[in-house]
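What follows is a pair of complexes built around subunit A, which joins subunit B in one and subunit C in the other.
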Partner chain A sequence: MTRFILRRIAYSFVVLLVASAVTFIGISIVADPTARLAQNRDPMARARMRQELGLDKPVIQRYGKWLGSAVTGDFGRSWQKKDSVIGILMNAMKYTAWLVIPGFIIAAVLAFAIGTYSAIRQYSAGDYFFTGASFVGISMPQFWFALILIEIFVFTIPSAFGMDPYFRFIGIGDTLGDRFKYLFLPVCVLVVQIVAEWSRYHRASMLDILPSDYIRSAHARGVPKRTVVLKHATKNALVPLIVIMAIDAGLIVGGLVVTEQVFSIPGMGRVFVEALEYGDAPMLTAWVVLTAVAVVLFNLLADIINALLDPRVRLA
Partner chain B sequence: MSLGRDYSGIPGEDRIEAIDPLAAGAPAEPVTSGSSIGGPRGPEGGDLSVAPRSQWFLFRRRFLRHRPAIVAIVVLVLLLALCFGAGLLERFTSLVAPQGQQNLELGAVGPSGAHWFGTDQLGRDYFSEMLYAGRTSLLIGLVVALLSTVIGTTIGAIAGYFGGIYDQILMRLTDLFLVLPSLIVLALALRYFGGSVVVIEFVLAALFWMGLARIVRAQVRSIKEKEFIEAARAGGASSWRIIGRHVLPNCIGPIVVAATLAVVQAILVESALSYLGYGVRPPATSWGSMLSNAKGYFGTDQAYLIWFPGLAILITVLCVNFIGDGLRDAFDPKSRI
Partner chain C sequence: MAVLGVALVVLAGCTSKSSSVASGGSLVIGAEQEPDCMDWIASCSGSSWGFWMANITTMPRAFNIARSGDTYSYKPSSVLTGEPKLVTSPTQTITYSINPKAVWSDGTPITSADFQYTWDQIKNGSDIYDQTGYKDIASVDASDPQTAVVTFEEGTQFASWKGLFGGGYGILPSHILKDQDRAAVMADGYTFSGGPWVIDSWEKGVSIVLKPNQNYWGDKPKLDQVTFKFVADTTSEFQAFKAGEVSAIYPQPQVDAVQQINAGLSGVNKEITANTANVEAMWINNAAAPFDDRAVREAVCYAVDRNAVVKALFGGLGVTEAWNSFDPPVLAPYSDTKAFAGCTKDLAKVSSVLTAAGWAKGADGIWAKDGERLSFTFRTTSGNARRQLTAETLQTQFADAGMSMSIDTQKAGTLFGDLLPAGDFQMALYAQVATTFDPGNCVLFCSTNIPSEANDNSGQNWTRTDIPAADPLLSAVDTELDEAARTKANKESMALLAADFTSIPLDPLPNILLWSDKVVGPISDNGLEGPFWNLHQWGLKK
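Our next item is the complex of A and B:
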């Protein structure tokens, strides 16, 4: 186990190196933040800015310099916002967390309930309904769904949730009541999409477990059906759900680029879009490193959880 | 691929191949024992003569019983015919207006008999524009699926069949593509090469093949140890012939299912990219770019401009997902549906 973890961590450094190099060099080739100064009256303005940002040196050298300070934990300052990129990312994480954590909790509960129900009532009307609904859920363009929710909840039935037609989505509000108003729809978007996937997952693993011998013998011993399903079967069926939740948690640290864009939430997704537009190499590279670390860590966590919960799994 | 072929006339080695179940890894079921495969609900009733059933027959029967998939195929074919036949409809009927024909005096009016889906701000018939845009969206989905399937299958098959150093190199390459944050790569590539349809197709295909490559590699590794491969090799078949004629036809299930997933991903990702401003550029339009153009209209009388392209994407993706689900069930020898 320890060897497995150490090897994975060593491997993740390779991942980080590749991802940061591709991002840093890629964004430097694609976007030049000083391009907008080309038309400046002062012909030296652009040259000065290039020198200030270190753009007068070749890109490989710049990446080397960035890497040199990054390994000491110094990720530099954003070219666009002038603040330290760590500070910007921490701040953005706060907003994303407000969106993602409630979304994850609600989605986990719903996915568990729907998956269990659909499995024990396989091929019932309810099962077909949830199957159909989850197919629709995974088939919708995310931002379209967000726009449609705004259309319905803000404009068609505006009295609900205290949103009037003049309500503007920006930020996440200050008081708890405000938070609810601002976050209800974005969380809905997130929840519908992930419940659609997770509930199918949980249904499948319940259907895998329910016909097994130990479940049948539990029934035969006269254990109440409720206990058999919710205790005996769930214990084993939950493993895949927990594993996929851990993996998704890693993916979602990057924020919900599209959802945050639609609802003007200044989270991780927005930071990404803005850094990309501007050509903000230090900002974008730090973003990639942070999200890649999250993906690697949560994948590792998923494997460890899997091994701990399922004794048949051996980490190698 | 070779699924539809009648194996009866082909020399020995191929008939052996036909017996091997399509989805490797699943318990082998002898093809001729019709009763166990057909199940008690099979239509064979009192017919006692045992006719050999090909894998293709079983596959077809299982697929045809998946009603959502059948409905999805019908809808999708209609949609494809409408979109790609839009030019013909425009020339020979009055249902469809020429692409980009504006009517500034008319402006944006809601759906009516004359304009089924209404008109946009420039007075263009929204139904016609949707058909033209659908060509791009559907084409991106199909081309990306085709390209990524070809790349993924080739890399997976070579890595799995030849193993050794080829395996090492190709799988490290796959890992490399997997760790690259796809959003970054997409955005950077599209900024660099510009958002033409061909570029989008190639960039998306370059990002969607890794999962399939891994699946195919695993399948090929297990299939190449089977006796019928040994038989083919003993018969003097070359490696490429064995891969093409004996190994890959037995991986067809996962490959086809992965292809449907690639269609879905391509269409959805293209629409998200359009929303973020990296999608197809005018004059080309896609459902995603129409949606992106209409995004400011929620809460106004022109909200229908948002509804229609989104619904078109939803219906298309839903259909492909249902077909994928039907294929998955049909390729699974364990499924009795």
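Our next item is the complex of A and C:
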């Protein structure tokens, strides 16, 4: 196990090196952070900024300098915000976590329940309902669904009861109570999207497991149905779901661009969009590295959990 | 008796207005953009929203740009005792007399040392956004704390001197910043103020909160707190406004904003003005075929129904007429605002102008000369639905006139950063935005500012305009200290630019200010200082 983890970490350094180089060099080639000064009435403003940012030096040299600092944990300063890149990302991560952690927990519970129900009640009315609903959930554009939720919860329902809207949707709130008001709608958007996907995986996985010999044997031995499903079948059926959840978790660390945009949540997705628009190479590179680290770590975690759940899997 | 009656009516009106504003309370305003930093003189500044929200409300300045009806003018601010004394010979000297009542939020008087420090930082500091004007100042005498004497370098004259120690910068507090790292103190928000408000907090990505400056020597704010909440998405912004989550918004005049306003908003006051600091134009590369032929540029002038384009874009806001100058509407007093009024759709004129220049229509209905069709690429910024619509409308009109236009959208950074400076365009659509109340188009049209090795390729005459007769007039606008002579030079230069059809102005990009009817006060948009220039007078309805 230890060798496996060390080998995966060693591989991940190569991944991170390639990802950071591609991002830094690519962004430096296509974007110019001094472009917004092109219409400045001071004709030398742009030249001064180019010098200030070191853009007068070759891109490889700039990347080398960035990499030298990054390995010591210093990801430099944002060209746009003139602030520590890591500080900005940690702040954004805090907001994304407020959205993602409750969303993930709720989605995992719902996906497990719906997937299990749909599998053991295959082709029932309930199964057809959840199957249809999940297809709607997967195919619905996030921004559209977000606006529909706002319309329903902020306008239609309160006005039908002659009340002021309870839920808010611009920002994230200050107190814990506020957070519920502000995060309810974006969390709903996230949950519906991922439950739709995960519940399908879990249903399919359960349907693979339920006809297995060892499940039939358990039934034949008189093990109660609830125990067969929740203990014997679920343990193996969870393996693919956990892998999918881990991959999604890694990707979502990078933020939920559309949801964060609609609900004005200053998370990782917003940071990414702003940095991309500006051409902020240090910020984008650090963002990519951080997201890549998350993907690698969550995949590693998935493999470890996989091995623990299924002894047939050997990590060598 | 009649006079008394009128006076009573006026008095009653005033009393009613002032008594309807409650003292105290808080207000939340939706802000479309967040500033990158609050070190106003650094290259990370320059955000319009940053200026409107936090600069104009907290930074003292020598002059304000006052709006009276539809006209604007520089007025000495309450930091000064009155109009500064200007001496033009032998060197330009400005003497500012400082109001003894003017103090920083910690009670320390605003003095000439603050003027001196501000100039020194801008002229000699690193990473400065714009040194224009300040770099030509030889000294600022601060020997008398109540009097700042600014002396320019010999042989230089700076006509826009009223924009110094103000504009997007303001005056910096020497007693706080001297011997400190200015950027470090200011970049993330600062605790000092010389305006009606102080910055209480700036939570990055979330909001900026202002509270009254208790030591402000002028009228104190009526509200206890103003929060600017950052709203990234226009549709959400309108939803938040309708839901009462924010009480005022200042959206960009995009297609969806116009649609939302026309769809009807109840309990809402609005001010939509075309008297802005913006000019959007069809900018033409005068050095690139086919527009290196003056006749083609003239034909463009007659090929487009600019009023119809403006009506399609902003008719829903009541703005229906094209703008006819490269000076924005707020600079109308300096400008020949009818310079391009002759550019109206007239296909017969297109035909006669092009035919006289040797062009002939081909079998495909497109004009051609020496085997070259009159076709061109129209570049504009990507991700902007309004500009996309403008381009498509123009494409149809040019096709009717026998001109083939293709549309190419580019990221703003690429368009402004690479393509336009390199002259890699034929026609482009974008806006020029005035940041001071001063005319001056030399930077855009003087032949010396065509990007070249001589100006380190930093010239901004991207249209490659080269009119020898216009150059001295355009230069005079930047240096002439006599207002009448300056205005005359500006008008004459505009006429020459129009006569050469260097580019064609299109619209003034109207400003939209919407506020809930629960918010009262003399609320109005100032084209140059923004909508929150008098935020201290805003209040909640009683």
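Keep this in mind: the second predicted complex is superposed on the first by the 304 of 316 C-alpha atoms of A that agree within 3 Å, B and C clash if a C-alpha of one lies under 4 Å from a C-alpha of the other, contacts with A are read in each partner's own complex, and residues count from 1 in each chain.
Definition applied: a contact is a pair of C-beta atoms (placed from the backbone, for glycine too) under 8 Å apart; a residue touches a chain by one contact, two chains touch by 3 or more.
These numbers were taken from a predicted model, which means no experiment stands behind them.
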Touching partner for A:Ile150 - first (subunit B), second (subunit C), both, neither: both
Partner chain in contact with A:Ala92 - subunit B first, subunit C second, else both or neither: second
Greater residue coverage of subunit A in the superposed arrangement, subunit B or subunit C: C
Which superposed partner A:Ile5 touches (first subunit B, second subunit C, both, neither): neither
Which superposed partner A:Gln261 touches (first subunit B, second subunit C, both, neither): both
First (subunit B), second (subunit C), both or neither touched by A:Ala45: second
Which of subunit B and subunit C A:Lys81 touches, first, second, both or neither: second
Partner chain(s) touched by A:Val18 [first = subunit B, second = subunit C, both, neither]: first
Which superposed partner A:Ala31 touches (first subunit B, second subunit C, both, neither): both
Partner chain in contact with A:Ile105 - subunit B first, subunit C second, else both or neither: neither
Overlapping contact positions on subunit A, where the subunit C interface meets the subunit B interface: 30-31, 147, 150-151, 154-155, 165, 261
Residues of subunit B that touch subunit A when the two form their complex: 176, 179-181, 183-185, 187-188, 191-192, 264, 268, 271-272, 275-276, 288, 291, 295, 298-299, 303, 306-307, 309-310, 313-314, 317-318, 321-322, 325
Contacting residues of subunit A [partner subunit B, same complex]: 15, 18-19, 22-23, 26-27, 29-31, 135-136, 138-145, 147-148, 150-151, 154-155, 165, 254, 257-258, 261, 272-273, 276, 284, 288, 291-292
Residue ranges of subunit C touching subunit A (in the complex, touch as defined): 30, 36-37, 39, 42-44, 46, 126-132, 183, 187-188, 204-207, 229-233, 235-236, 239-240, 242-246, 411-414, 416-418, 420-421, 432-433, 435, 440, 443, 449, 455-456, 458-460
Partner subunit C, residues of subunit A touching it in the complex: 30-49, 52, 80-83, 88, 91-92, 95, 147, 150-151, 154-155, 164-165, 168-172, 260-264, 266, 270, 277-279
